[in-house]
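Can you keep this structure in mind? I'll have questions shortly.
Which chain is which? They are A, B, C and D, in the order written, and residues in each are numbered from 1.
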Amino acid sequence: MTAGWSYALNQWRQSPTSFVRLEEHERAFKTVSAAGFRAVELWAGTGRWSNLGRPEHLRLNYGSAAGFLDRLAECGIDAVSSLTWDPSAPAAEEGFELRSTSRPADHGAILRAAETYLELLSELGCERIVVRATEPAGRLGSGFDAAAVASVLDRLGAAAQDHGVRVAVDIDCLSPPLGRRHRAAARAHRQRPRRPVAQHRGSRRGGRRPGLGRPRPRGPHRARPSQGRPLPGRGRGLPASGCGSRPPAGERGP
Amino acid sequence: MTWKRWSYMDHWITRTPQGPRQPSFNRKHTERYLRQLEALEFTGFDTFSFALPVYAGLYGSVGAFERVLQDHGFAGLTGVFSAYPYATDFAAPHRRETHDRIVADFERTAAAVEGSAVENVIVMPTNTYFHVEPVTDETIKVTAELWNRVGALLAQRGLALGCHFEFWGAIRTEEELALFFEHTDPDLVGFFCDTAQHTIAGVDPLALFRRYRERCRGFHFKDTHNVDDFEAYRTPPDAELMATGVPRWFYEMGTPGGLVDFPALMREILDSGFDGWLTVEHDKADLGGGDFAESTAVAKWYIDNVLASARAGAAR
Amino acid sequence: MIEWSYAINQWKPSFDDFTRRRDHERALRVISISGFTGVELTTGTGRWEPLGNPEQLAANFGSVRGFADFVRDAALDRVSSWFYDPLLGFREDLSAPADPADPDAHASVRAHATWFASALADLGGQVLVVRPTASAWQRPQLDDGAIGTIAKCWNDVGRAIAPLGVRLALHFDFLSALRPDDGLERLIAATDTETVGFSVDTGEFVAAGLDPVAFIDRHPHRVAHVQLKNAAAVDDRDEYTRRNAEHHVRKGGGARPVPRWFLELGVAPGLVDAEAVVRALVAHEYDGWVTVESDLSPHPPTSAMLNGWYLQHVLQSIVEEAR
Amino acid sequence: MKWSYMDHWRSASPNGPIDQWQTLDSMDRFLKQVAAVGYDAIDTFDHRYFQIMDQYGSVSNYQEFVQERGLERIVNTFHAAVYDPRTYAPHVPETHANILEDFRVTMDRWSGISLDNIIVMPATLYYDMEPVTDDKIKTTAELWNKVGAITLDAGVKLTCHHEFFCGIQSKHELDVFYANTDPALVNLFVDTAQHCIATVDPVDFYEQYADRVTGFHFKDTRHQDLVGDYRRRPDAELMATTTPKWFHEMGDEGGLVDFEAFMRAVVRNGYEGWLSVEHDKANKLGGDHAESTAIARWYAKNVLDRIVAEEGSK
């Protein structure tokens, strides 16, 4: 099980016609690598210009999954850590079907659609598919069916295991309130004592904080968490974080 | 007589704290976008079929969005564009087994624009070239068959079908165009002339307009600096954004190095009695540090200060 | 009769931007197509300011008149006005910054004002818009003596450029040394009513807590020029007194920080009532240029086009109703 | 081999593009990005002295602010003077006193920290020095010998960086200049793109004067000046006929500079000091300072470091 820090590529996708040319991919891979990350996260999409977001388009652009891994390696990226996929998002390649994890009748189509991604992930040696539990609350309305969602996620988990992939369920800030236990966990998170996050508030006079300013050991790759400390533990999948990697975080500042 | 009916094809990027975005993610940015078009005195607005639900979501319905357009001086929604760039099992105009599904798509689109000012439904008639290859008389005839059916259903709803030929589509040469138009009903399947796409494909748009004048439904006015003489059109995975050595194909009218003779085309249009919309399109104007707002303003400047002096019947 | 021009300064955020001929041509065309008939130039020095002063215009367009042709080629009528900032030294003649509150600087101010005004006359322009004196953080107190010195400087300049057919307009801004102790009103009283006019910059007035409409009603005969600009905030914490306020407050946004001090007309959360300003101008039969401006715009073409929209669809009808 | 970054920077803001000196926050974000991709230090322009005094209180305070973001120090400053034949022109003896005083004041202002080099463009714009004669070059050399003595007293090496549009840019002009300057006082700072644009091969030129080299600007170009843009009035750098964008970061496609060969020469000649990356006007034609800085650093780490290891083991 590989563990470590990867970077989500979706922020480079600012408009439907952006981040399509292969040299743009290359510059993003190199920027991520130079910034100290050794893996990238892909995101599922549709159409010829989402050429990292559909298995068939990725293979067409890079010759094969192995060809894509070679390209990443040339850019200093060792692995594809994960791929995020929203089963309810319509895709041209699947006839723009509108599917819901809350509707058992759609579960067959969801599993068929997942299979194309799971095959790619196993070819990429990627061990995590991040599956959005439900469609946004606005679209779901009152139709949330916890049992149905759980059932299809279990079946996805089993299918994924056959490909050596684990499912990580993704809840994000547009997800419907999923149940008592979740709401309690969310409340607990909000009330826990907050450790001040090291963010710049005006220039810091006085002594230099240890560890900064003196030459650092030059390992092959220097991890430089500038804020907070890396979580301990190896191999343990992290609990689903609050807000998933979508929508892209707003730029700090005014 | 200066032409008054100019419409704008809905491509735009607006700057937000979350980077450059299409404006239709909220009303404030959408209305800033429409105000800029209105300041340039565009009175027609064409959009994509896949954008209709987005605008409906923003304003409640397509009709409500049209009223917002009318508040900004537009006649209304004047055109809808549809395309299937990549062949899928669901949509491949050169494969008869997908025709029913495509026809159903257009029934939905026609219903969505019911009662609006839409006159033209513009389509890219084929998938990308390399998904159709080899292009034969047969593939063109099967494609023609589809668009005759779609043209008929649209005509019943008072809509005109216009075929718009990308340089990387599977009908691009003069012979292929001639065969296609020969096998399509002139009353049901119109010609939609994109000045840049034909020029890139090595075909003179002015000559095409003269040949297919009676069935010409409209134009996309945009320019190019390059002709595709290295088979970009058939190179996977995509010629429009990923052609080797040509990061940008399309430019607004009036830029140095532009290949399209717009004044000559304008004279021809004024002579022909054409009375539809002339549509300005800026596709991917943000490439290489470009800018949709500036390109659109500069193009409308060119219309008002250069094309306006192109008189009907003036000396060739 | 009101004529509408647009200020070119928003197109140049950094010293190495907006230097090439193609940039200027496209900006002038955007201004023209957005409904404006004139362009207002601003002060600049050195080889990366091709539109910054008469010598750079000649170096880049063959002559000042060559630039006038370039402007007409963009389907604009003419240059309407030129904003001259005496506090900026010029590399062209190695002159130092000249503050009209300093008597020794008057000769330099007069010479440079005449230099700009004669070029402006060749460009068909009518108003030399000038920065009256330094900023408040540089000159915290302006006693009556200092006001008198400033007034004398501009009275001389006004008389010197009048024969060229160019009017003088003193431009107040929210960082100006004229802001404390009613400096602006005292300067109006101390200057010659015939040859010294004022430029009402609506955004700067509002940011300084002043009312541009009240000013126009109070001094209709002294309004020689208007810069119509929307403001997003009021400096109600007197940050204008801070050292290097141009950098820390106008650009940096001050303590809050204010993300953008100035906005396009008719855009929320704008504080300037542009319709009331135009109604006041019409009521007093103002005859001259209104220059629309949007300093430090994040996207110059869009600012010009949105301002163009507001001119065409809101302000124009106010002007026409009065005819 | 340690890398410093010459601090050209723009970032987007509600007021349009700004540089890093706009606020403490914009400086903080700039330094963190440079440190994050693995640069060890920065170089800056010494005319920033006034903003440093205004915002940080002293040059050493500013260096501490830099160090708190994970960078070691400020290695070099660039002395971007405003050249003018009437007041400040190395080929005009009457202006030499003014230039020497300028350097005395500058070295004093920056005495709060230890600098390796003070980098200068050794001549005015080409058209201000035309016609460029050997005599004018000798007068220029005399001036820089004196300046070199002043800076050396302050423990800082004077080093010359030849823009393609300055008065000493052709091979002949360079040779005459270095023949008439004292190697102990006047050094060479090789800018790969500027020499390439001026059709002087950067590797050959470096090999010829390697013992006088005290630093480099690694940057690339896709054009050479073949039409005389170098003497174009009023400006060659931004308003040239050849291209609106002369400079690109190393490691991008279409570049003309052979960085691998250049790096081998640097190792072969036993160079020990700092290497610098510069992205002058990277934001032209839709470019981006931040991305270019990351891409260049990527290239240094994943390509040039390998070249250094290979060449070093020979």
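FYI, a contact is a pair of C-beta atoms (placed from the backbone, for glycine too) under 8 Å apart; a residue touches a chain by one contact, two chains touch by 3 or more.
Just so we're on the same page, UniProt names per chain: B, D = Xylose isomerase-like TIM barrel domain-containing protein; C = Xylose isomerase.
Keep in mind it's a predicted model, so treat the numbers as computed, not measured.
**Q** Among all the other chains, which ones are in touch with both subunit A and subunit C (Xylose isomerase)?
**A** B, D
**Q** Counting only C-alpha atoms to place each centre, which chain is farthest from subunit B?
**A** Farthest from subunit B by mean C-alpha position: D.
**Q** Using mean CA coordinates as chain centres, what's the gap between subunit B and subunit C (Xylose isomerase) in Å?
**A** 43
**Q** What whole-number Å value describes the gap between the mean CA coordinates of subunit C (Xylose isomerase) and subunit D?
**A** Averaging C-alpha atoms per chain gives centres 37 Å apart.
**Q** Averaged over CA atoms, how far is the centre of subunit B from the centre of subunit D? Could you give it in whole Å?
**A** Centre separation, subunit B to subunit D: 49 Å.
**Q** Considering subunit D alone, which of its residues make contact with at least two other chains?
**A** 12-14 - these are the residues of subunit D that touch more than one other chain.
**Q** Among the residues of subunit A, which ones contact at least 2 other chains?
**A** Subunit A, residues with two or more chain partners: 253-254.
**Q** If I count partner chains per residue in subunit B, which residues reach a count of at least 2?
**A** 15, 286
**Q** For a test of understanding, state which residues of subunit D touch subunit C (Xylose isomerase) in their complex under the given definition.
**A** Of all residues in subunit D, those touching subunit C (Xylose isomerase) are 10, 12-19, 22-23, 51, 54, 82, 84, 86-87, 233-235, 238-239, 244, 281.
**Q** Over in the complex, which subunit D residues touch subunit B? Could you list them?
**A** 12, 284-287
**Q** Once bound in the complex, which stretches of subunit C (Xylose isomerase) touch subunit D?
**A** Touching subunit D from subunit C (Xylose isomerase) are residues 13-14, 16-17, 19-21, 46-48, 50, 56, 59-60, 91, 94, 243-244, 247-248, 251-253, 257, 259-260, 296-300.
**Q** Considering the complex alone, what residue numbers of subunit D touch subunit A?
**A** Contacts found on subunit D: 13-14, 24-25, 28, 32, 35-38, 40, 56, 61, 64-65, 67-72, 251, 253, 291, 294-295, 297-299, 301-302.
**Q** Please give the residue numbers of subunit B that touch subunit D in the complex, ascending.
**A** Touching subunit D: residues 15, 286-290 of subunit B.
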